[in-house]
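In the two assemblies presented below, chain A is common to both, partnered first by chain B and then by chain C.
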Partner chain A sequence: MKEVVVHPERCVGCMQCMIACATAHSKAKSLFAATLESPLPKPRVHVGVGQYDEGFPNRCRHCDPAPCLLACLPGAISRDLSTNTVLIDPDRCINCATCAMVCPFGVLRYHEEGSAPPGKTVAVKCDNCIGRQEAGLAPACVEVCKSGALTFEELSEAMRRKTNEISRTVSVAAEPQDLSPGFSLLNTMKKSLIQVRTG
Partner chain B sequence: MAYVIIGNGVAGVSAAESIRQLDRDGRIVMIGDETEIPYCRPMISLVLEGAIPADRLTMRADNFYETMGIEPVLGRRVDAIDVAQKTVRVGGDTEIPYTKLLIASGADPRPITADGLNLKNIFFMRTQAQVRDMLQVLPDARRALVLGGGLVGFKAAYGLLRRGLNVTMLIRSGYPLSMQADETAGGIILQELRRKGLDVKVGTEAVAFGGNGAVREAHLFDGDRTPCDMVVIGKGVLPALSFVPRERIEIDLGIVIDRHMRTSAEDVYAAGDVAEGVDVARKTRWVNAIWPEAVTQGRLAGINMAGRPVSGEGSLGRNVIRIFDLDILTGGVVTPPDNDGYDVFQTFDGSRNTYRKLVFQGDRLVGVVLVNDIEQGGVFLSVMSSKTPVTASREGLLSRKFNYKQLLK
Partner chain C sequence: MMGVNDMTPKRERKTITEDGLLLLDKMEKDRVTTVWDRFQDQLPNCGYCEMGLSCRNCVMGPCRVDPFGEGPQVGVCGADANIIVARNLGRMIAAGAASHSDHGRDLVDVLAQVGEGNNAGYQIRDPNKLKQVAGEFGVDVGGKDDLTIASELAYQMQEDYGMRRKSLTLLARAPEKRRELWMSLGVVPRGIDRETSEMMHRTHMGVDNDWKSLLLHGIRNALSDGWGGSMIASDVSDILFGTPTPHPTKVNAGVLEEDQVNIVVHGHNPVVSEMVLHACHSPDLLARAEENGATGINLVGVCCTGNELLMRHGIAMAGNHLSTELILATGAVDMMIVDYQCIMPSISSVAACYNTKMISTSDKAKFPGMDHREFHPHNAEKMAVQVVTEAIENFVNRKEVFIPTTATDAVGGFSVEAVLGALGGTPEPLLEAIKTGKIRGAAGIVGCNNPRIQQDYGHVTLTQRLIENDILVVDTGCVSVANAKAGFKVADAISFAGPGLKEICGALGIPPVLHFGSCVDNVRILVLASALANALDVDISDLPIAGAAPEWYSEKAATIGVYFVASGVYTVLGPMPPITGSMDIVKLLTEDLESVVGATFAVEPDPENAAILIRKRIESKRAALGLDARDG
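And now, the complex of A and B:
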């Protein structure tokens, strides 16, 4: 099973994932038509800024066990085992915000949604683009990400690669090496700009 | 193996499910005072309000007991526990033996002392049945009186207001939700409630009720009288533990539990509103009678009863509630005692009506109050639960741009 893996050190904060996500969850599935829809489609991945303006694509981790799933009052949250996705049923959701209270990552938002009953405010979060996956497509945020901050791959494969990368850097003989020098440079520049500005 | 679970609320249900995951064959007996299929207690006010039908309250399928292989003993309260003989007595003479016992009997509404409590149309709001009774009198009711400005009192008032009644709320303290919110948030809430037509009287209490058969008026502490044709009492809850042998099982306010949900008696566990564990923010024993805690404790109790020693990190008092156009999320120590090593950071934005307050003890976050912009509240609460030191700038935490990344390097 492929899953979305986040590589925060590679995020430049361009927010294209947010646009792609909102579009993927629109009725029209095209950006320009989506902007005319009501309710306006909204992203379910949220690019936040760090202390030094670094970007960070914050999306649902689909935790297991998931605190939101356990705490949901009306039992509106469930897990799809085939894609390991924590899903919210907008019809059962009562907009009580208990999920926001227990989510350690702050990924929930509350608004009207194209897939919810009309006029109803519901909890909304990443659904791993489960519809796109059924059609053989990768989640929209991954597809659009240009910097490799979001990948869609077997978790075991991603972990093996990361383990190898780390193990090459920890030996006493190894030169200290930056695994993503371009991104580190960008983030260093952002940090110095802020430090210059704030003294 | 015979597991006996006292209580069919969410703590008991979560425990039963965890046990069944790990032990397919053990006997599970569930004793419940309420006869309905396990339902979601915090949602009963939505039925009062008319937002959902009663059949939406169930939290598990109709055949829950059969599919989980549970023997339900419903409609009866436990009389006594014999810790030496390892039995539970129900309904006078039925003795149910246990190998492992879970007490998840929950809580009962805190009773009040006042004259005329025997009059009709005076309600507690704790169970589905009580809400059903309230719905019966709604068509003829015009003026409702709600005692208490806590979560239950508030939810009752909100529901009755939405049903078109004139509602008066009596609060003994100076502002609503005084157990959950600080004074500033309480003031904002009070203003919002009044703006939406709720008559709120603070600093007062009802001392007697008058009427001929059914309640017609309430006599207040200060001599005032308020007409009303129904009353809802929401003065908090107390752990339901009248059947627990105090000389054998340690009780403070609730049943004292350790990190494995064990009580002081061997093979007896407790979870949910009846249990008293350690509160991570207050750093002392505390009963946190809230739904998510009941789920967590029930689950942990079940896993431990089935023989896997798993420990919890302690509980954290927290609540989220939407009040008309206000969203309120609070947790931990919201009003720290003066000069006691606490640092308070707060910000108020009048134009957006947002208020954010963070209480620190050194580099540990121990309290949070959010009025509106509550989406990141869980991040703060999770940092509190895990006792993670917070070095990020306090201004950044108070900013509406705050997000998870601000806590990372």
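And now, the complex of A and C:
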């Protein structure tokens, strides 16, 4: 089963995943039309700001066991086993925010939503683009990410790749590997700027 | 137990200025957002854009290149990272050159109209400079009256903007070796508008796709501003409004007066602010102000149009770029009059909270929430009276006033002419002080404020480190206001300087940090550097001098940086320009340019380290000239 894997070292903070996510959860599925909808579709992946002003795409981990699922009083949260996705049923959700209280990653938001009854505020979070997956597509955030910070792959494949990456760094007399000297330079400069700013 | 606070980021310091901190506290209480809040809202910035790797030049795209090498490596057209970064940098330079040069164009326009007799309040204030510059432009001044000369000079300057020249007229001010170098590199600018226009052409899809050739044109484009549009702007301002001489002045928010009508001019071009200043002296309007309960009319500046008035009339400065929103929170600004450049469109919403009337004046710069009173040379005098009258009428709407500090003393107005005057007419005494090592060299610190850096920290720290190491500092634009606020611009400021610089400045009665003017006045630094190089019969790149832009933000500053480096001045930038997407271009700008133009860029956000880089550079240039050199 393929899952979304996050590679924070490759996030350039462009926020295109957020735009693609909101568009994928609109009625129109196109950016320009989506911006005219009411309620406005909102992203379920949130790019946060790190200690050095770098980006990080914070999305639902679809934990197992999932604290939100266990805590949800009306039983609005369930797991789709075929995609290992924790899902919220907007009809059952009572907007009590218990899920947000127990979520270790702060991924829940509360607002009106196209798939919820009109006028009802519900808990909203990543659904792994389950509809797109049924159509054979990768989740929208992955499709739009061009720097490789979000991938959609078998976990075993991602782990094997990471294992090999680490292994190469401990080879005898290994040259230090820099994925992108330019990005590293930019981050060095940003880190220096922050140090100047915070003292 | 781990508290929430352990995870919250360190509180970032926004400014080092006392008035700024107090006004920021007030704005926080008043729940008014500032540039720093908007900066936080933008984080994280888009990495593609920060690295120069996104291209929006056509609609086959927009495209971006993956800096990690796995995603797309070329745009739809096939442009790789080098081409995309070079094109983006080229357009940045073009925008900066266009801005300063268009400012120059507006002045030439006024000069032409004065020459035709449609003066409407403008006049030739410095006939000597008129004749000198006219001579340089090949105008025969013999037996002609000033207006005829002005008219002919304006025509010749208009030719510099066009396509009839093989090279710009004022390049002749550069040392011969420098001009020969530009010739051999093929970067001699031919027309001011031509080079900007050609840059836009070259960066269109399918034109110049050799990144080195694009960057060489970037140099030519920047030179067309530094030795063209900006230099003309500075010269014509001197001709029309007077060549600056040292004037005492005051700086920081404390220059606002509780019992007077406070008018702040903001922007860049003296064409508007000079007329407003004239109106503020009108006895009718002063009487009107008194009728409204004010004891006078207090005109002060922010940004470069303020610097223009400071240089020529000693007008006080309320602040620099990042102070523009803050000073409105005093509640004491009855009107802010803007022309163009660096005016944040947010400012009217701040003004609305504090009863400040906002006036836009340029047909090419309109802003939300401002009343538009369009100034043209023929109506400027009348229009100035009208807006000052409106300011006086707004005085009665004053509410709570909070003026946080008392103003700091400063001296401004060091044109090249004034500096040479102070030296007795020749650069020789300055050269002698450099030769004996009392003054190690000179640095031009220029540029903006940027919320990425604590306001004024970069400028003031770098300046302090340089003067205490006997390096004379000349500054312009936002830096000059920062250094004035820090108290570096009074004769007593020699107490901050090293022993040699202290001795020389003490003997001349000048501060160790000289206010050279607005950001178009960076060209005054080029002119002074050329005079020093010519006196020593060397190139600018041989001199023990350096440039720095510790808090730069604008496209204009990028262009200034390029014309400094292309003129042979090693230049240290604070924030990184959007070029790290191409390490080839980073290497070219920070290393390889040395063998091409005799100078490079360096990027160093920490001003303490920037000071070390500049000191090393200056000492190495001293050694090469056979002068004594200290170890870095």
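Everything below uses one rule, namely that the second predicted complex is superposed on the first by the 185 of 199 C-alpha atoms of A that agree within 3 Å, B and C clash if a C-alpha of one lies under 4 Å from a C-alpha of the other, contacts with A are read in each partner's own complex, and residues count from 1 in each chain.
Rule of thumb we're sticking to: a contact is a pair of C-beta atoms (placed from the backbone, for glycine too) under 8 Å apart; a residue touches a chain by one contact, two chains touch by 3 or more.
As the structure is a prediction and not an experimental result, all values here were calculated from the model.
With both structures placed on the common chain, the touch criterion links A:Ile94 to chain B but leaves chain C unconnected. In the superposition on chain A, A:Asp53 contacts chain C only, with no contact to chain B. When both complexes are overlaid on chain A, the residue A:Phe183 reaches chain C alone and has no touch with chain B.
Look at A:Val12: by the touch rule set out above, it reaches chain C but stays clear of chain B. Looking at the shared chain after the overlay, A:Ser167 reaches neither chain B nor chain C.
Contact with neither chain B nor chain C is seen for A:Thr35 once the two complexes are overlaid on the shared chain.
Once the two complexes are laid over each other on the shared chain, residue contacts for A:Gly148 go to chain C alone; chain B is not touched. Once the two complexes are overlaid on the shared chain, A:Phe105 sits against chain B while remaining clear of chain C. Once the two complexes are overlaid on the shared chain, A:Arg197 sits against chain C while remaining clear of chain B.
Annotation: chain A residues 48-51, 54-55 touch chain B in one complex and chain C in the other. Only residues 9-13, 43-51, 64, 66-72, 452-454, 457-458, 574-576, 580-583, 586, 603-607 of chain C touch chain A when the two sit together in their complex.
Contact residues of chain A toward chain C in the complex are 10-15, 47-51, 53-55, 145-148, 179-183, 185-186, 189-190, 192-199.
Residues 8, 46, 48-51, 54-56, 58, 67, 70-71, 73-75, 92, 94-106, 108-110 of chain A are the ones that touch chain B when the two sit in their complex.
Residues of chain B that touch chain A in their complex: 14, 40, 42-43, 46, 51-52, 56, 59-60, 291-292, 295-296, 299, 318-320, 322, 327, 329, 331, 374-379, 381-382, 392-393, 396, 401, 403-406, 408.
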